[in-house]
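The first chain written gets the first letter, and so on, giving A, B, C and D; residue counts start at 1 in each chain.
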Amino acid sequence: MSDALVEAVLEANRALPAHGLAALTWGNASGIDRERGVVAIKPSGVAYDELTAEDIVVLDLDGTVRTGSRRPSTDTPTHLVIYREFEEIGGVVHTHSTWSVAWAQAQREIPLLGTTHADLCAHPIPLTRALTAEEIAEDYEGATGTALVEAISSRGPSELPCALVRGHAPFCWGASPAQAVEVAVTLEEVARMALLTTLLEPAAEPLQAAVRDKHHERKHGARAYYGQP
Amino acid sequence: MSDALVEAVLEANRALPAHGLAALTWGNASGIDRERGVVAIKPSGVAYDELTAEDIVVLDLDGTVRTGSRRPSTDTPTHLVIYREFEEIGGVVHTHSTWSVAWAQAQREIPLLGTTHADLCAHPIPLTRALTAEEIAEDYEGATGTALVEAISSRGPSELPCALVRGHAPFCWGASPAQAVEVAVTLEEVARMALLTTLLEPAAEPLQAAVRDKHHERKHGARAYYGQP
Amino acid sequence: MSDALVEAVLEANRALPAHGLAALTWGNASGIDRERGVVAIKPSGVAYDELTAEDIVVLDLDGTVRTGSRRPSTDTPTHLVIYREFEEIGGVVHTHSTWSVAWAQAQREIPLLGTTHADLCAHPIPLTRALTAEEIAEDYEGATGTALVEAISSRGPSELPCALVRGHAPFCWGASPAQAVEVAVTLEEVARMALLTTLLEPAAEPLQAAVRDKHHERKHGARAYYGQP
Amino acid sequence: MSDALVEAVLEANRALPAHGLAALTWGNASGIDRERGVVAIKPSGVAYDELTAEDIVVLDLDGTVRTGSRRPSTDTPTHLVIYREFEEIGGVVHTHSTWSVAWAQAQREIPLLGTTHADLCAHPIPLTRALTAEEIAEDYEGATGTALVEAISSRGPSELPCALVRGHAPFCWGASPAQAVEVAVTLEEVARMALLTTLLEPAAEPLQAAVRDKHHERKHGARAYYGQP
């Protein structure tokens, strides 16, 4: 069971540079096996093209390393907070993808301007609050996870599959590591479209609400009819 | 006859990611065999690199599936409205290509700023009207087709080979699926050039009318002299 | 002799899509053999990856086809005007490369903002005047060549290795087809840098004149010391 | 010993086009062997894909060529000034990478807007002062090195791993040629993120100081915990 988890996490990490979402070692994907209560995650600072199954670190939900001789990603506490808070999440992806980062650095949520966004999520992509000096000093990565949880807790991770950490970059999640990667790909394209739209038309209006809901319902929930049965 | 149609539609769909026009499963191409009265189209939500001839769905012009075990693209009713309205159309392509989407999300037609645009079409690229709440609730995809037909009906599909659906993305058409793909490639580049021009010079003037007409006539109509005889 | 010319022109045309300067069939390269008085050029509307030596059209300087069964590029009269006016030119390239086109469509010359530009040329990249209705009606492509000649005649083609045709796109030239391709690659990057600079800082000042001249002289003229002896 | 140096410099130069940092022959990497007191650098104007170990030029720190039949990069005096001033530098990279050049041409330092920048360096990326007419006339490349040294001397090359030459382009450095390449890759992405952020939000605020310092300390210095031990 754990092997399947490690393979899925390895594949998700390798997908990040393949989709143009991560340069050098910037970005990490993780997955969880809820039955065994273990999380697998990328080791810190290892190049994607050198990554093997042996490098993937397996930990408890409290952060104790179970297998692997590598040091896990420095962002591991952020991933763990998200897994502990939301039972339905099976994979988490963090990248510094360019256009999403531009919105995070501008400290603005991504407005819902078109159907590509509505296909992903029916709300603007939220931005986390600023952390306090105490949070940063005491448990920076854990507090980042807490801020992400706060940013999406009113609607939950199914309705909000990603968020931007203020001044930093996006985190994405889904039922599996592969689904979290797909969210990351979509978010980056949505961020690019929204930024270009806003440069062209700073007063661009949000997508008509009825189209937004129609598009979202085509892909998500009980009335979905997108894809194969 | 149908096999040639399926092959042409398969090839047109595979061309979309090859030209950078579609990520993941966003975009679909179709074609029609007017003699047999059948349309072939991409199945919904299937990845381009997994697509085979068996996956292509063949339907009547009223939407009844004739062959194929897959569910057709959710955008099928939009394609069918276009085929029913304009006899001269042999292929239709829908993408969420980035720069065209930026204009659609800005809810602006694409102005005719240069000869690259004039080589494609002698008019601004039109934008569809907003749909009504009733249209969205009752037959969203069909109404999208109706709005596209309205947007181009004054000039017809030969003079207007593509249009932007407001808040959504482009649809393109031509005498064949391959020609519709070529329109989609050209439109995306025209959209990119126009957006960059507009950012550089918000008051950019339309292309001189005599140059516009000259360029268009070099490529289209009885006096064309572009290409090989 | 003519074979070497055809090979050089074939290679220059294939280089255009390889450098990202031309999509579909948009762009053409030519070369001249001054001793024999013949020009070789791309055929009109033929895809780059299907182009063979047999497709290249060889013409007299007055436009009479000497060898080749293809119709030459529609832009051939523009190339011929340039060759007839400037003896020192051995190759001409025309593209619709994106960022250069944005300046041409904005109807603005490209200001000299940095050393990358100065390495190419010590002046802003000029923009042609508008053509008259008569010029467009009677000899559009020839008049385009005339306008290019006018735009650079005060300094000549060595000091001005390229220019933008208003509302259209760039033409580039050099001692050979390969050198004209290199100018086209450099111009496109210079256009991109200048556009991004102008968006960031609309009041950006031209490059300091002493640095401009120093950089230009490092690469060009009697005091050049760039490259290998 | 010298062979290892030449190989490292060869590899660093080849990495520039591979990372999209250099077109044609624009850019050069060098390295130093402090024990032997020799610097190895790219030859001037040679294409990256034709570069071999024999082409790499080895010089003294005063610029006297020790081995190699090629003329060294015209930017060699700039590299040498940097090596002579800062003992801790083992490699230097100069590129004309697009987004960094846009900041250099806009004559603006790159503000610290996010954690990607803080991971590289805890300060804005500095811009050199303008050179005087005398400096340009007498020793342009040496004076460029002097201006770079001045721009970073208050903090030193460990705290400031790169700088922009006004109106020109970036120089980057590190403990080795490979590390200087990594700085160049990171700088270009930081420049792109900062430019897009500034276009989206001209009044974007710098990254919160506590987050900036935390991120920087995760990767650099005695309290670093990023990467493998």
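By our rule, a residue touches a chain if its C-beta (ideal position, glycine included) is under 8 Å from a C-beta of that chain, and two chains touch if they have at least 3 such contacts.
Keep in mind it's a predicted model, so treat the numbers as computed, not measured.
Participant: Determine, using the mean of C-alpha atoms as each chain's centre, which chain is farthest from subunit D.
Facilitator: Checked the centroid distances; the maximum from subunit D is B.
Participant: Averaged over CA atoms, how far is the centre of subunit A from the centre of subunit D? Could you give it in whole Å?
Facilitator: 33
Participant: On a C-alpha centroid basis, what's the spacing between subunit A and subunit C, in Å?
Facilitator: So the centroids are 46 Å from each other.
Participant: For subunit A, give me the residues that contact two or more of the other chains.
Facilitator: 199
Participant: Determine which chains touch and list them pairwise.
Facilitator: Those chain pairs satisfying the definition are A-B, A-D, B-C, C-D.
Participant: Subunit A touches which residues of subunit D in the complex?
Facilitator: Counting only subunit D, the residues touching subunit A are 113-116, 119, 182, 185-186, 189, 192-194, 196-197, 199-201, 204-205, 207-208, 210-211, 214, 218, 225-229.
Participant: Tell me, which parts of subunit A touch subunit D in their complex?
Facilitator: 23-24, 26, 43-46, 70-71, 74, 96, 98-99, 101-108, 130-131, 133, 136-137, 140, 166-169, 195, 198-199
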